[in-house]
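Sharing a structure with you now.
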Amino acid sequence: MAGIRVENIVKLFGKVRALNGVSLEVRDQEFVVLLGPSGCGKTTLLRIIAGLEHADTGRVFIGGRDVTALPPRSRRIAMVFQNYAVFPHLTVYENIAFGLRMQKASPERVRAQVDRAATLMHIEGLLGRYPAQLSGGQRQRVAVARALAVEPEVLLMDEPLSNLDALLRLEMRAELKRLLAESRTTTLYVTHDQVEAMSLADRIAVMSTGNVVQYDVPMKIYQEPADTFVGGFIGSPPMNFLRLPVEGAQAKIQTLTLDLPAAPQGREVLLGVRPEDLEAHPQPQPQSFPAEVLVVEPLGPHLLLTLAYEGQHLKVTVPPDFEARPGQTLWLRPQPGRLRWHDPGSGEALTHAR
Amino acid sequence: AVVAQQPSVLFVSTQFTPIEEAQRMRQVILKDFSGRVEFIPEDNAPFTNRILSEARAGKVNVSLVGGLHGDFPPLISAGSLEPVDDVMSQLKDRKFSPTFVNLGKMGTGNQYYIPWMQATYIMVANKQALQYLPAGANVNTLTYSQLREWGANLQKATGKRLLGFPAGPRGLMHRFTQGYLYPSYTKSAVSKFRSDEAHRMWSEFKALWQYVNPQSTTYDFMQEPLLAGEVWVAWDHIARLRDGLNQKPNDFVAFPAPIGPYGRGFMPVLAGLAIPKGAPNRAGAVALIEYLTRPEVQLTTLVENGFFPVIQTKLPDNLPQGTRMGADAIARQAQSNVALPSLLPVGLGAKGGEYNKVFQDTFARIILRGEDIRRVLDAEAANLRRVMNDTKAPCWSPDPASNGPCPVN
Amino acid sequence: MNARLVYLTLAVVLALWVLVPIFLIATLAFSDRASVFAWPKGILPQQFSLETIAFFFGVEGVGKAIRNSFLVAGLTLVLSVLLGAPAGYALARYRFAGGDAYRVLILMTRAFPLAILAIPLAVRFINLGLYDTALGVALVHTALALPFAVLVTSSLFLGIPKELEEAAWTLGCTRIQAFLKVVLPLALPGLAATAIFAFVISWNEVFAATLLTLRERTLPAFLLTALNDSPLPFRFAGGFFLIVPALVFIFVIRRYLFTLWGIANR
Amino acid sequence: MRSERYIPYVLILPSVLFLLFLFAWPLVEALLLSVRGGDGRWTLEHFQRMASDLYFKDAVKYTVLLTVVMVPLQVVLALCMAMLLGGIKRGRDLFLYVWTIPLGISDLAAGIVWLSIFTERGYLNSFLQAVGVIQEPRLWLSYETPAMLFLAVVAAEVWRATAIVFVILVAGLQLIPKEYGEAAEVFGATPWRRFWRVTLPLLMPSLQVALILRTILALEVFAVVVALGGRNLPVLAGEAYFWYNAYQSPGVAAAYSVLILGISVAATLVYLRLMRSRQEAAA
Amino acid sequence: MAGIRVENIVKLFGKVRALNGVSLEVRDQEFVVLLGPSGCGKTTLLRIIAGLEHADTGRVFIGGRDVTALPPRSRRIAMVFQNYAVFPHLTVYENIAFGLRMQKASPERVRAQVDRAATLMHIEGLLGRYPAQLSGGQRQRVAVARALAVEPEVLLMDEPLSNLDALLRLEMRAELKRLLAESRTTTLYVTHDQVEAMSLADRIAVMSTGNVVQYDVPMKIYQEPADTFVGGFIGSPPMNFLRLPVEGAQAKIQTLTLDLPAAPQGREVLLGVRPEDLEAHPQPQPQSFPAEVLVVEPLGPHLLLTLAYEGQHLKVTVPPDFEARPGQTLWLRPQPGRLRWHDPGSGEALTHAR
């Protein structure tokens, strides 16, 4: 019974407008990821929900209660801080036990919970150390374990795995997901790792300079970005945008004509297409258009090509054994169902007669 | 058990503050008193503050106060002492010196304190210094100019300045100017403050000061520089010399203060006992006064702590050697035909401190800073006049009696 | 290597600068009366003697005075930390109207010689029944120590990251608990310094102690008049005698000046 | 939580009440003393008498001079000690202890200690004689050697009161995370510049406290001065004391106190201005 | 002229053996990435090279000079700290200018360099702020700008972009790479982001518990891991390892037989294959083996399948429109040239008669 709802939060730091009227609802037991560029207000939003910062306007509800005026301890939350904030004067064990001790948990429960959280974060061997004796990633894991140990109803995490290597991260991500689903914890999670966001989130809220610009399930966010910002921000490499001329309800790429869901305002339209949704062929193909290879980058599982089409740059991923060299011309075939259309002025998506 | 039931007498005193003296006061002098006494010695500043505060708050703890004559005026002007005429009349048989009884009235019609004990200032010299006495001089009839010559001889012989005076912050130098220099040279302290005689006095003293150890301005007590050998000839309160005399009686001689044109000015020191208004145990205080003024207790006080009786009694022969030397010097000082005793200031009330300041400042400006004597005397005379006019105090001995405030001519 | 040696030499020189005068006074305190006046003086007691020191212990009431001193200083320590730390915390963590004024005003309480406040204070204390009690003296001493307590603690708290406290809040602490469990342990060395300082202020203060007590004297107050008017050997011995308890006390509490958990090398 | 705004006030309230009771009220009485004559009317008489007093100018001069010489000396020395302590590996505890000993020494005792050194038959002369610089004792503490007397007072005060600055600074230093120093080092700062550019600014809050504290107390030096030099080196607090006790003139004494208060306020404001803490900049 | 060489570095923290005899050479102007699990000693190694920590044994050379005994300031390096360590008492501008001021650079140079570094890191608008007024990612960028501004010969960076979003990171990565190549800065760079490592590094050093286990160019590290640790650590998801029975010089997966480069010691061998190197087919295929789908995870550009083959788990990536549901059986065909073989005991790769 612990959804989070924030309504119309505005937060000013002096003249800096960190949050600009943010409303967001996280359902009970839902796992929501906050995604957005550096400095867009993610931490600020988390801190306001935690009660560490006070919004200039707006209200915060947790589990249906209006907690706007409550102190952090009464909000039944736990939080992982971006800069860890582990207590330097306590051992790892005591750091993790901290919240439980505040709840006056029995010694057995403390021990059990600490062990569980520590094992989960792979720091069971470090329990006796002080934070000064830990590496960055280890400290971060202590911070996460400390939040998990209290089994909160609402968990706020600010880039909790940012200092971990891919493998550990993958593992922790999976464990975290399982654990939180099991314990039915409502979670709001900040990350800049899209894979993490995709794989963890029930829903993703994309933020940009103090606003939530899209809030939807991961696949929707990925495949149907609400605007060019989201499309350009999500995906690595991000979505390509090609400015194309419009004829009637159709856009044209050279000989190729593509149907538009609705007629755009102006005489041009933006085609949004993900790098993996353009099939590259060395030879001309039907339903394709030519582009010149500028850069070839090997990225392990695939090659990343940067191409130019009429002065506009495009990124395309191809299998690692694909033969391509700068200067060569390739034919690109867009996958039909995967094309998005945006208004070139506002950047907003054109939708099917909605 | 009956004794223990008695409320004790809280006795606060500015005298016997040195730790040994306080010990002897408690353990020897007060030993035979029938009641219980808590004796607490205190510096005069907190002493005054305390009595005043208690009076102002209306809750008095102290039943008996002992202090020097000069300690009482601020208490009396604040109305925190109770007259003790009744006690005085109980003590008719004590044979107090009438001068002292009179001083105890503080220039009023009532007796404010009962004389307790007395002392005075004398001189002490290291025996090594005697060989440098000027030709024909005798320590017992030393004049101020001979003292200067003596100092000059000493410096010539040793290369050091070996005269000493207690001119430190807690020292009693101002008593020397008030009670010794001025009377000896002018037969006055106030009225002739800026006279030509005073001028001459200061210029002679200035000449003498060349041979005075400049550390004198840090000396509060002369017994230590004497013992340390930093100084060979010194003037001070007998209680502040006694330790030296007692420790090395064979190294030192005690003798009277020098003689000036008008004779040998000297000043007795008088301590008295008074009862605060609202004292919680007045009866006990009265009993304690009665006890302390008994002849045998007065003698014990002399033997133990070096203050002389205020009643007429014969000194025993078995005094400690230092005390004996002091007593002899005092006797010679008081009884010689040139004796010129001066009284402690009378009737200045709380302005006693500022009166002292006039003399301290005059000394500092003329002697230490070398300012022009005439100008200093004129300027300080104005201050002195203001004190006198503010308090309307008539002259006291050796100044000739006056109608109205003692004039500064 | 070389730098280390220079460091060590400097440190030793500074230590000697502190110790030598104490050693000299100790020498005098353990000499007989005559050698106090001797010249030239040697570094060691020429005539070792416990006479003057023993005398101090023999004085009636010294034991009680020492007890009183500890009682008063202890009370002062507790009171000034209890009153000062919250204020210091407020100054460090909040910006509030009047904060700057408070900061200046609290300092100003130390800029006025206590002597001049004596009579009004004494009168008030007599009326309240605080006169001649350890608590009364401790209150005045607290007033003296409070400005330091406030300012020192405020600069301490300023150095402790706010996030730590916030983390504690989110983990279920009230503000007070967070303070006690997180800020306090981190500030402990500094607070220890503050506390020692309050203790020492009280231990050495004579004026208020003299004026506000009669029977319940603290040690310095008890000795003050005696020292001022006593012969030099007693003053030296007394000076030494006054230093010794401080030596012991600081020795006992010295380890708290340093952190217990090595945050120093964070 | 709008209610947060009352918290700081709640936190300072106890100390405010306490000081109102124990300090403000007697202070007002004392202040009134300085501006009221014996007959109860307003007057500047006490200030005039103070200003025209023989020792006034010297007292002002020496007090200010002492403060100006002593305080920087103490702060610099304490800083050196605090930095040295960081460089000492073994025996750190011992040095910490020894250096903080003077904390526990009252001005009364310090005066006595240094008297035994500077007095005519003291250790300084004994030492100088032993190394053959002098034959006979020289006088250091007389009115004829004011410079030496001044130095003696400075020595005694530095000896006695550096420890408190040191302790405040050490406590402050411990709160500075070491990575700042490391970052500075990596970016080419010599130890000297690291100290100036990183340590010192980060130590500013503590330094400010130490400076203000020492300045205010230096403006009140008294016991040590009197013990060493009697009145040869008049200082303001001493004059206040003499007027109050020896001359029994509370009005003038209060005037001196007001003067001390005034100088302290001014000095404090100057410090606060010059060393505005980062917190203000950040907020 | 500023290569880095460390020789046989051992570092103990009490009983913790943080570095276990590490030797590493970074050539002049080379860009080397340190990669390894949390707590393996990356930061420690960097700190020893910087001179902030002293090795228990071993020597450090920078530009041919033995700097083992030199203080950090004499090593002509710059460093980005894992926890930023931006000076709280200095504005962003002064933070960035710090190193230049230490070099007593002229005011014009300071201004020019600060502006350049700030623009590069997109913090030119924050120059007047204090660090307390910045978000986590912004602080991190200040730390990087501070290091870049001094144009060091050797640059040490400890996870310098870990708190940035993918887009910004991509951009900064590219700019960093260009800048450092241009300025010919020798760089040692710690990251846990493999894509970053792959795209930036000339060579990658993979560390594990205090040792360097493989040091090679990125593609080699990815395609030819020296042992199972590297194979399992690099790649997201990592390489699959299947334990297979050996017959002669061949391994068997059901009916499928695969040639081995060399005969292994025991009777079994580990097949290492990357998830993208297994082609999944709904129908039986030649040269394939069957496996059962356990989990289907959409990851945006592709689906991640977890399958079981004879009780051993496998991860495979397939195009996002691939139809798969748990329980279904798929036929997996390994891409011939992409198979690696490891000794099941030591985990080391079996190499072609080398």
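Letters A, B, C, D and E mark the chains as written, and numbering starts fresh at 1 in each.
One rule holds in what follows: contacts are C-beta pairs under 8 Å (C-beta built on N, C-alpha and C of every residue); 3 or more make two chains touch, one makes a residue touch a chain.
What you see is a predicted model; the values in this text were computed from it and never measured.
S.K.: Which chains make contact with chain B and with chain E at once?
M.R.: Chains touching both chain B and chain E: D.
S.K.: Hop distance check: chain A to chain E, minimum number of steps through touching chains?
M.R.: 1
S.K.: Taking contacts as defined above, which has more of them, B-C or A-C?
M.R.: Of B-C and A-C, it is B-C that has more C-beta pairs in contact.
S.K.: Using C-alpha centroids, which chain lies at the maximum separation from chain A?
M.R.: Ranked by distance of C-alpha centres from chain A, the top chain is B.
S.K.: Name the chain whose C-alpha centroid is most distant from the C-alpha centroid of chain E.
M.R.: B
S.K.: Counting only Cα atoms for the centres, state how far chain A is from chain B in Å.
M.R.: 93
S.K.: I'd like the Å distance between the centres of chain A and chain C, where a centre is the mean of that chain's Cα atoms.
M.R.: That pair's centroid distance is 56 Å.
S.K.: Let me have the rounded angstrom distance from the C-alpha centre of chain B over to the C-alpha centre of chain D, please.
M.R.: 37
S.K.: If you average the CA atoms of chain C and of chain D, how many Å lie between those two points?
M.R.: Whole-Å distance between the two chain centres: 15.
S.K.: Could you list the positions in chain D whose residues touch two or more of the other chains?
M.R.: 121, 137, 177, 179, 241, 244-245
S.K.: Mind pulling the chain B residues that touch 2 or more other chains?
M.R.: Expected reply: 45, 220, 228-229.
S.K.: Chain A: which residues touch two or more other chains?
M.R.: Within chain A, the residues that touch at least two other chains are 51, 71, 83.
S.K.: What part of chain C is in contact with chain A in the complex they form?
M.R.: That would be residues 161, 163-164, 166-175, 177, 181-182, 185-186, 259, 261-263, 265-266 of chain C.
S.K.: Hey, which residues of chain A end up touching chain E in the complex?
M.R.: 13, 16, 35-39, 42-44, 82-83, 133-138, 141, 158-159, 162-170, 192-195, 198-199, 218-219, 222, 232-238, 274-276, 297-302, 317, 320
S.K.: Within their complex, state which residues of chain B touch chain C.
M.R.: Per the stated touch rule, the residues are 10, 12, 17-20, 22-23, 26-27, 38, 40-43, 45-46, 49-50, 52-54, 56-59, 61-62, 170, 220-221, 223-224, 227-229, 243, 247.
S.K.: In the complex, go through chain C and note every residue touching chain B.
M.R.: On the chain C side, the touching residues are 33, 37, 39, 55-56, 59-60, 115, 118-119, 122-124, 126-127, 131-132, 207, 210-211, 214-215, 223-232, 234, 238.
S.K.: Help me check something: in the complex, which residues belonging to chain D touch chain E?
M.R.: Residues in contact with chain E: 177, 179-180, 182-190, 193, 197-198, 201-202, 204, 278, 281-282.
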